[in-house]
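In what follows, a single structure is set out as structure tokens and then discussed.
Chains: A, B, C and D, in written order; residue numbering restarts at 1 for each.
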């Protein structure tokens, strides 16, 4: 049942701090820098060592905490926070994290970034044993597992539970006297540790959240680790040793903020390197290079510098497209009314334009961009994609878990070029991508320590609940290739 | 009384359309592209040929029209709209434009971008004659003047009134059967005319508002012109022939959208040319060039290309800083919490950085940026300003009408460098600025058809209400220079 | 043009205080008790002796001041406030009072309860002389008149202006050092003076607003009076001596709060007396008496006691019908879904019910009530109206300025009975009404000092702008009677 | 731990309908009439036979459904709704009902009116077995119990679970194809069944919710019954036969709407009979009788009629006291500013006043009322309470579960009279109360089928979690009496 499974996916951001006097405020500013990871909902749970305090709601962080009294209510020296990305349907507040659970033996708050591959199975088992779930999210599964083992003590229960869930995950748990962080055995989602000048420890999805509060970067959380922060400081433990780094390559390509440093690589630098490498692989004859704002600007300037063409602002993105914006009617859209992107006529008119974009998913944006540029007078439009064709779904937290919507799953590059109407279309190779990112922590992990399954179908973990649906979605050749590569 | 005068200043955007079935919607999208010109309030007045309909409120356009029913209520084939910039104090709804005035002989709506230099005098005269003003804005003065002459007919009354107001202005008037646009004798504020495919005419502060609704650019409104649009089409008239182009240079430097074309010059191209020219005037030895997002990115890439250095993303601007955002406490600010801009450590660390910015007003942002870059590890920070030192106030619509806040009014370039803490500080020359913009319509107008008074004190008009205060603000040398140049 | 005229009408409440430390708070509580006089908008203007501060908005007082910071902003020891009743169409904030006008020689705030009969004529004259109006309300006319005479000094200008406006009015003016109150020459609208224990004076539409802030009642403002309150205390002046009391009888019948005392008569007592008198004039054979909540409960208990029948709760009114309530669809309404009133089946089933109501305007509510009671099992329903048939429009501030909507203007009592479906229908006589209210201040004023024009067409003032439309609305017999009575 | 226990208490209202095309709308109107039972939150869950749809939020019904789209989203022919009363602390949305639980084998929604006496014990047991609760409310316990027995089938599981919970409860459960209602073995909370003209069945806390949607009353749900409504119609079952009617007497005295009929007794009639009986038991010498609005008006008119004194409006209650109202400062309160109630000076001044109220809980309101009446000039104030002294807490859903706040638990009647400052104070006897209400369904149930434990301490059920705390709160005499009556 792909539709149901799809609803569970999410890309999100987490932040936690333990030992700072204004914990919830720091969490607020940390989440602010992680807002790009989720705009559907936000929440913070804090603790003063006695009780846990929660505020969460749908919408952007600034809206959720529009009343400053809500933030002031979240007293205490420790807090965790979450920004949520939800895809479609009724975005209920019960799915907004962190979740706060009350037990007679103490409250627990939980925040999660990622996606489990065995969530449906686990949930069904738990429900058959009497469990009552409050949300649609698979995040809640962990707490039910923990409670089943709670008599062994919380840390033991957490370790045992983490070995039962599979997929990509970065969890934060908050109790009145402890903050716990855990990362999946492949480190698919990023998670890092920082330290404030007063000694307090911080954990966050990206280093930009450390920078804003002036926390010093300590280290990335490693696959399979369990981080415990309490009054005695930072304790690094692990719940499994069967680990291998496979950080999601889309974090570098698209998701993460350009100023974040993930496993030693600054995202802007990675993107610029992808642009440079793309220029080597696919040089085009053009008058200028432009990027699709904002995520492709780094790659575009890399391409321009490498190939020696001027880097121009040929597309402009409005800063003011709010959620409440009144969308143009179909008629107005046909008359060319676009709210978000505009082509800059005075720049592209009469010119051969090389457009650099980070990726093509459905192809609709590319088609629109190319049409806009032509309408603005561009003589030629060459599309250069700073990543390989996105052919295979993600089951670890990106909201693309079926192939039907992926243009590259259905067309060759030439077919895609025709679909989007470009004069030429080129993609970065998988090898080029791996080389451009060049994760120093990779060691001998395959694919340079990256998950590149979106491009080649080699998933770093078994797919469990998704396996059957995924296999069915492959065409004959893909199935043959898969068998040959020995994926089960 | 500078404080009182200062309150009147505003930079704004206007949009009007006559003859299109969905006039208020087109106005909404047009205003959307002009949102950068004013975020304090927005409004639209439409007419169906019988009545005029108004909606306006404080806040961003998307908020003002959050309830789509408000926009639907604004029926008819003609409309004018306004986005407002207001500076401080209680931002009352009565000051949000377009104003709508009801008269027994027909309603009139009025929108205004600019600032009058004789507003205080005119208002006092009018009040002494019994006039009752409803707003603090000097926009309202025009309607009182018009009503005093109304017996001669509206167009004659408008012409007579326009000869009584002085300063920088672009007015839009809407009646049930007519849209009127007027520009000041120096064309200080931009205003352009476009045409939709159905023949309907559009007027707007910038061409980006024509582009979004797919209107063809027709021409810029020229100084002293009175444009009348009615069922018979477009009529170009004038209320004075004593005109000379002196378009505000800050529109090119900072205000306008990069994709707008003003008097034949694409703003992005002008900025890139400023960057190139700056590289000629002030080459620096650095490892990279970075721009202050977003307004300085064009100039920075021009500088980088001209000088042959890599153009990098050394600063990143959050897209999510909302009005409702909870500001960091003084203590947190001191600990380095900045919401809007972040330095990219992985890019600038250990490097000599050339930072290009569009201008320095108070210097606080520059100081902050330099500190952030040094905190992120930059070895040297060279500040390159793509315009001349901003020494003299603006009386035509930019919110800087006293000198006290202008860093360049009090310090030499070396003094400014010390104040902001840069390793070096350089400015583009006035001649370089004029040459880089290079307005083709300028003819033999002084300063290449630009107002550059902010840099040299040569105002294109008398200052009236502001004259005394301005003279008092000059130091001895400036007064002597002014006398020598023959300014009264 | 009756439609246009109708839009101007309003019933409102005003409150003012001078000399109390928490003036705007007292005004807030005073307006709270006057909320029944207007629920469309509310506002307060205060002064600290230097500046005037305003907050106003559409909606109930509690909503307008939902953010307590708005009330705190209104500092100073003097304030005036207003609750507004507006009838239909777009209820713009520019019509919400008090109005605040800024002049170079000092600000003036203005609040008004009532309606002028020569507003259209005055406004047209003023506009022809160059005046620009900001609202649709006729309140604004006074300030334009005052400003035309301002050179004579404010008080002289106010007096001269008050002699130019006609109709029913109670005005409050606030300057930084003075509060002025004025009442029309017939005292059609109520206005009273109170005093706080600290000596500060208060003026208000009804005495209930004095009671809530524990102010002692001083006296009613008399027709033609001009009350000036400043640091020297209370000054009672007048702008005309051509006066005669004709207080609106509907204040006693329907508008005013039961606990208010107007010209010496407690409203509840007046209503109870109307009920008693009605029992004398029209005794019915019934099992019980019920009142239509809430305004008719006093009259109903008076009728019950006089006639010796039990007084029962046969109808119940919901306390929770908010403005945002989702109205039942036509289909649900036909299935009998009523939100506001319910019949009490357990009380009326099988019984002969005498229903007392205060008045019949359109008759729709009566028809509905009778149907509800019959649906709930009532055997007979006798309708008893504690006022005479409402046949003629009001031009002094009640929102009924055309006859077309008045059931009694088109039907005999028997015809009305059939229209509403009652078993019997009876009205209090005009003489009975006058006797029941029995205003002690009336002196030799006709109709016991009351305006009873709604019942007999004898208006206490000329009708000016309304005259022609009114005459046209009369049938032949009414015109003949009018001529005979000597009304022009 | 009385504080913790107290937080669980709530008085609420429930409504359900099965088989009507506009089920959620009917639920909305039904809840509207039940709004007096809970103003802290409201929600509706509907089903279209496939899915369940939920909307709920804090605040009044009109606010929760301020956006009509929310109601339209709740499609389908069956729905249940809830209005919630919560007492203090952070009123979280997770506690707002109906709760909606998702299970792989089908969703269940749950709404509850009442309070369990063994909730703490049950919750602790369930948590120790691994249960994760999402709310603080004891409502959720039932679903956990049901899920533990679910393998036996839902109806069997519900029956088994209902035998494990104790106290006062009326539950509604909604599945995609079934609506289930259940009442506690003593029928402490009211619940009735109605039928629409199309045959659809309705269940509601009070009959007023049937009346508004024109549903015919079918019967009261009886103690221990389990009502199942599905496509085959209405099925009346029971989960226990160990039942005995003990309906909460406070429903008649205070909670229920006057037009509701509970177990055959119209609430207004019951109250009027209490007033008449009180006149027999305690006639006073006075000039008039007044009631405390709104709940005591029926009793007051009964007293007045029986004793032959005029029934007057001596107190008036504002209709406009909203939740957002700015409360008077302590200083203003001391100066006598009261927002909700006002004494009517013109009515009570100089008079001996008999005030009828329904009950005295803390005594603060009575003290305030008496002071207000004296301040308004009343010569004597006699307080007449139409119920017996409220001495013992309620554990079945009224928010009074400790004795400390009950005036009658600490003072004799004379002591209470002194505390509140009345000239005399009288209470209705328990026998008088039972006789006045006179429940026809009572059969041979003790106390006429009523719970009168609040007055005499004889609880109809064991107290479980509350037992120890309650015993400790009794004084020596009360403990002796209790032992003598044989209560354990």
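The working rule: a residue touches a chain if its C-beta (ideal position, glycine included) is under 8 Å from a C-beta of that chain, and two chains touch if they have at least 3 such contacts.
Chains and their UniProt names: A, B, C, D = Amidophosphoribosyltransferase.
Nothing here was measured: the structure is a model prediction, and the numbers come from that model.
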Required steps from subunit A to subunit C (each step between touching chains, minimum): 2
Maximum centroid distance from subunit C, chain identifier (CA atoms): A
For subunit B paired with subunit C, centre-to-centre distance based on mean C-alpha positions, whole Å: 49
Intercentroid distance (Cα basis), subunit D paired with subunit C, Å: 38
Inter-centroid spacing, subunit D versus subunit B (mean Cα positions, whole Å): 62
Chain-level touch network, classified as line, ring, star, complete or other: ring
Residues of subunit B that touch subunit C when the two form their complex: 54, 73, 90, 92-94, 101-105, 123-124, 127, 129-134, 136, 140, 143-144, 147-148, 150
Complex interface listing, subunit B residues touching subunit A: 22, 25, 28-29, 32-33, 35-36, 60-63, 65-66, 68, 71, 197, 208, 211-214, 257-259, 261, 265-269, 272, 294, 297-298, 301, 305, 310-313, 316, 318-326, 328-329, 332, 335-339, 342-347, 375-376
